[in-house]
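Look for chain A in each of the two complexes below; its partner is chain B in the first and chain C in the second.
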Partner chain A sequence: MAFFSESSQLATEFADAFAVMTLRAGFNTALVVIGTTCLGVAAGVIGTFSLLRKRALMADALAHSALPGLALAFILGSLLGIGGKQLWLLLAGAAISGVLGVLIVQGISRTTRIQEDCAIAAVLSVFFGAGVVLLSIIQGMGTGEEGGLHHFIYGQTAAMTRGDALLTLMAAVATIMVCTLTFKEFRLICFDRGFAAATGWPISTIDFAMMAMVILITVVGLQSVGILLIVALLVIPPAGARFWTNRVSTMIPLAGCIGGVSGYLGSVASALLPGIPVGAVIVLVAGGVFFFSMIASPTRGLLGSTARHLWMRIRIAEDHLLRGIYERSEQMASSAEPHPGVYLDSLALTRHWNWLGRLLFLSWCRARGWIEIRRDKMKPEEAPDREEAPFGTILLLTPRGWEQAGRRVRNHRLWEEYLTTFTDVALSHVDYSADLVEHSLSPTIIAQLEASLATRKGAAWLLRKHRSIHPLDGTPETRASQPENHPDNIPPPSR
Partner chain B sequence: MKLFSRTTPVSSLAGRPEHSPTSPLSVHAMTVAYHQRPVIWDVEYEAPAQALIAIVGPNGAGKSTFMKACLGIIPRATGLVEFWGKRFEEQRHRVGYVPQRESVDWDFPVSAIDVVCMGRYGMIGWFRRVSREHRSRAMECLEMVGLSDFAHRQINQLSGGQQQRVFLARALAQEASLYFMDEPFAGVDAATERSIVEILKQLKADGKTVIVVHHDLSTVADYFDNVVLLNTRIIAHGPVSSTFTNDNLRRTYGGRLTILEEVGESMASQR
Partner chain C sequence: MDSTIYQFIALDLPPLLAALFSAIACAILGSYLVLRRQSLLGDAISHSVLPGIVVAFLVTGSRSTIPIFIGAAVAGICSAFLIEVVRKFGNVDESAAMGVIFSTFFALGILTMEQAAARNVDLDPDCLLHGQLETIFWYPPNDWATFFSWSTLGSVPAEVYASAIAAFLVIGFVVVLWKELLISSFDPALCHALGFRSDLIHHTLMVLLACAVVASFKTVGSILVIALLVCPAATARLCTDRLGVHLILSVVFACVACSTGYITAAFGPQWLGYEQSVNVAGMIAVMSGVLLGGAACFAPRYGIVARRRTGRR
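Take a look at the complex of A and B:
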């Protein structure tokens, strides 16, 4: 029985939540949800421009500076006898002192040698401090209405009336319309102010229009999101959206969506759980989307860039190892003896690997079927200073590895050949720059290299197996002096 | 009533000289100051039409400032700047501008073609979107600088030289008669430098005037036919052959140019 009542209670809660979420829990609740959602969308849209204009912190200064204005407007309203909680009066006060704060920040950073971030930090905390002092004075006035003022610090949609919600809605619609209309101008100002000014755009006016939209959204959002957290709604959705796109035109709707979803979930949570400030929920949702984007975005995210970085390192290590074995084998191919494989320690490139990296990487190459690893007693001449011949790790290329190494070595030498033929790079520098570039040679570039070298050297040149154009490590002689040491066709190693 | 005739040089603000309508840029008594310190002082200059003009001077001589002040990007303390004898506001559709590459954030989320389209904004006007004709014109400008394959790349995926050429294409899209270019050769590779020089020569052949802030003294004589030697004041200006002399360079760079003799020698040998 107890279980039944519990589950039915749960069911009613779900039904309530569903009703709020689908806007069927009364007209006022629906209006609040729609209003906050639109606020989120508008904040995401205008926030994109202020982020790109590098003014993200300015919105924070604006919001914090609004508090003393709110308090003064409340006092003024009470003294005039029209009541302290006239929304239009409060918001006008907030807007005026917010703008004043921003102007002071700009004045300080322009006329003195103090940097803007420092000026913002100083001004916003001083204004906020003044606001807190004024609020405690209001507490002492005993007007009986002062309770609601604290909602402006953390935000509370429950206190929203139908008129407030409509105001929010209208402000949001106005902002979105202005941003759509002046998209081109806003983007130009954000990207290149100097060019905009030189081509005759009134940059101060456009800047002011952009700032006015930020002020409008900030002031309107104070009531639902609160002074402390409104900046999050302006900054986090665009910052999250930036991870997914390289176009302002895509970033804006995306930031609008993230902001909208945050606002929607925030107001729904607030309607269901009256104790929790909406602003906090909105910021948590937006922050969640931001962190997800930061990690998961394929192009700019952490996972994507780490994976690309790791893959590049593996490819480079593969190239080096395969080429190292191949070139050692080439040097030994002149002797008539069967190919013995290459001692791991004789490859210069492996010396700076640590044992774990070496183990993992060699296993990786073996798993790909390129090499065989054998432990064998070293020949005395490989370790002349020891009495007892130690064991050494011997690497052998499998037929597949041989083919793979051949292809990569060929790419490397094509690139070297190209550098010396077309760009006058000194022979001693070729190996180094070829090393850097060859790992990112795509099949198209290889084809282009082949084409340009073929026109220069004749197609027959390409069909030959390419020798190294510079002396390999450990062989003092050059190709020019002793061509027979590097046969054009290396016999596959007999094992 | 004519207070001053063209023949008497006037460097006071009391008189307004009649600037010739054929000169693309006339600067009269221009002074620019940062924090009360004059960066450019009492500059008089009249640019010849259809010329490639280099502005040369040491670091901090006010070369960029001169350009920006002419274009009204930064305020002038005093002075009068006219374009073809008229105020900038009336002639700005005939003036193109290439800012320094470092002046913008290249991580900005736009594509190369979007940036070039910005050169057309002045013709498009308020609120209207970029039409197909303007876009295809911008595309042609990208093609002129050899970047049509990169039109839809985000601008931070371009190399420094390519970014510089995007800026150049944007200026070409302005279809101006007078171009200001702030260090278009800074940090570009040799191939880009050659292609930019080709475009400059083409612009001149089309009857346009290009004013370039230039750093590399050794190429001044190759690339330009006119030179302005600037160090807070204009030290000398005129055709490269008569103005770009050892003596004038020494006056411009003062003791700061140790390789002066060397450059002078190379200039002399090239002429």
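Take a look at the complex of A and C:
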């Protein structure tokens, strides 16, 4: 029995939650949920512009400076005898003192040597302090209504009336409409103010319109999200959307969606659990989406960029190993004795891996079928007259490995040739300079490289087997290390 | 002992001392923040220590200073680290990164605090935000003969000690690392080239900032700490070009703001014939703002009036 009653209670709770979520739990609740959702969407949209305009924290100063205005409006309302909790009066007071705060920030940062960030911090704390003083005066007045003001600090939708919700909804819809209609102008002002001014746009009017939308959303949002957290609704959704796209026309709807989802979940949670501070839930949902985006976004997220970095490092290491073996084999091919492979230790002269990297990396290359690894069975004392000093692991290129190595070495040498022919890089520096670029050469660039070298040196040059233009053992630094009449010798550039 | 004097020592001296010590610590650290153009970092850290404090309070179940201090410092350092991560990978500018991190941390703090308050835990959100200077008082011996003894010293409220320790820690830090701080604040590139660890200096500054913020909690509250960090330092910035003078001036301005703010809040309403006293921490913030406004207008070289007169901008 206990189980049934428990489960039926659970079922009722679930039904309640479902009703709230699908807007069927009474007209007022539905209106509050819709209003807060639209507020989130509008905040995401206008927040995108203010983020791109690098004014993200101006909204913080604005919201904090609204507190003394709220308190003064409350006192004024009480003194006039119309009651302190007239919403229009409170919001008007909030808007006036918020704008005053923003103007002071701009005045300080323009006329004195104090930076804008410092001015923001100073203004928001001083105005908030004044607000706290006024709040304590209101508490002393004993009107019994002062609890209503605390909702503005932390945000509370549970106490919202139908009119409040409608106001929120209307402000949000108005903001979204203005942003849609003036999308071109706002985008222009965000990305290139100088160009906008030069082509005759009224930039200060557009700037003012943008700021007015931010003010509208901040003031209206004070009621549901609260003074302390409204800035989050303007900053986090755009910052989260930024991870997924480079286009502002995609970023705006995305930021609107993130803001809308946060607003929706926050207001639903508040309708179900009255004790929960809505602002905090909204901000935490938005923050969750932000961190998910930061980690999971394929182009710019942590996972994606880490994977790309790792892959690049592996490719670079492959290039280095294959080129090292190839060049060593080339050198040894000129000696009379046929060589079984390349000693790993002889590569250590130019390349170095730690033991773990060596273990992992060599197995990786073997798994790709490029190299074979053998152990030298001979002990040092058995072959004292061996010219190659090191003993131990021998690396052998497989036929596939030869093909890969040949291609990569050719890229390296093409680039070296390009650098010496066209850009006058010294021979002693060309190996290093080529190494900076060769790993990220795409087939298109290789084709261009070949084309431009072919026009300079003739088409037949491309078909030759290319030798390194600088000595590989690192001692003398001239082209003359190759015999003058060598068939692979490249003629000097004709100038 | 005279009863007026006793009342002053018991009711007004401890909050005043606590506020003064916090003001000294905050003003010195704030000077460096303003010079390094990181003043919003003070804002961010003072918001983000909230969840650390609440969690430490919920875990230990007590208001004792040390666990709360550790929790707050951990949260503050975490947020500074995350701001750095978001700034690097998020491709957003620094202020937006701060906005994301501190508001998320703050929301987390508010949510856990409300949950704790729902379970009748003795943790008032408003006290952490607005400060509770009024609740610090002291029962010293009511007799000059026994007043000057070691036991009296032991009965001084813990908040006064906490902020005094923070102040001395900050002063010691500045004295010991004077030239490192100087060079890393004014020329980070040269600092790096000369082999000083500017990142280490930065992190130490952050840790100290978290300490100072936590120590100032009881006195001025998390939001009004920002006023003490930024306003006196900005005021001093308008008055001088020398770092040493800057630090001394910012400490002086902070102390002036504290004492005038305290006196106005505690006694001002009574002089106007009004019964209730008003919030002290808020008044201190207002006074520091008044000083800043005065300096912005009338500072000798960089004030608006002086610039108008000399025709410079």
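Throughout what follows, the second predicted complex is superposed on the first by the 425 of 495 C-alpha atoms of A that agree within 3 Å, B and C clash if a C-alpha of one lies under 4 Å from a C-alpha of the other, contacts with A are read in each partner's own complex, and residues count from 1 in each chain.
Just so we're on the same page, a contact is a pair of C-beta atoms (placed from the backbone, for glycine too) under 8 Å apart; a residue touches a chain by one contact, two chains touch by 3 or more.
Here the structure is a predicted model, which is why all the values come from computation and not from measurement.
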| item | value |
| --- | --- |
| Partner chain(s) touched by A:T182 [first = chain B, second = chain C, both, neither] | first |
| First (chain B), second (chain C), both or neither touched by A:V283 | second |
| Which superposed partner A:A232 touches (first chain B, second chain C, both, neither) | second |
| Chain B versus chain C as contact partner of A:V220, first or second or both or neither | neither |
| Chain B versus chain C as contact partner of A:L57, first or second or both or neither | second |
| Which superposed partner A:A172 touches (first chain B, second chain C, both, neither) | neither |
| Contacts of A:R242 with chain B and chain C, given as first, second, both or neither | both |
| Common ground on chain A, meaning residues reached by chain C in one complex and by chain B in the other | 54, 242 |
| Chain C to chain A touching residues, read off their complex | 34, 37-40, 42-43, 86, 89-93, 95-100, 103-104, 106-108, 110-111, 114, 118, 125-126, 129-130, 223-224, 226-227, 229-231, 233-234, 237-238, 265, 274-276, 278-279, 281-286, 288-289, 292, 296, 302-304, 307 |
| Chain B-touching residues of chain A, taken from the complex the two chains share | 52, 54, 181-182, 184-185, 187-188, 190-192, 194-195, 197-201, 242, 245-248, 251 |
| In the complex with chain C, residue positions of chain A that touch it | 51, 54, 56-57, 60, 64, 108, 111-115, 117-133, 135-137, 139-140, 150, 153-154, 228-229, 231-232, 235-236, 239, 242-243, 275-277, 279-284, 287, 290, 294, 300-302, 305 |
| Residue ranges of chain B in contact with chain A within the complex | 68, 71-73, 89, 92-93, 95, 97, 99, 103-105, 108-111, 114-115, 118-119, 121-122, 124, 126-130, 154, 170, 174, 180 |
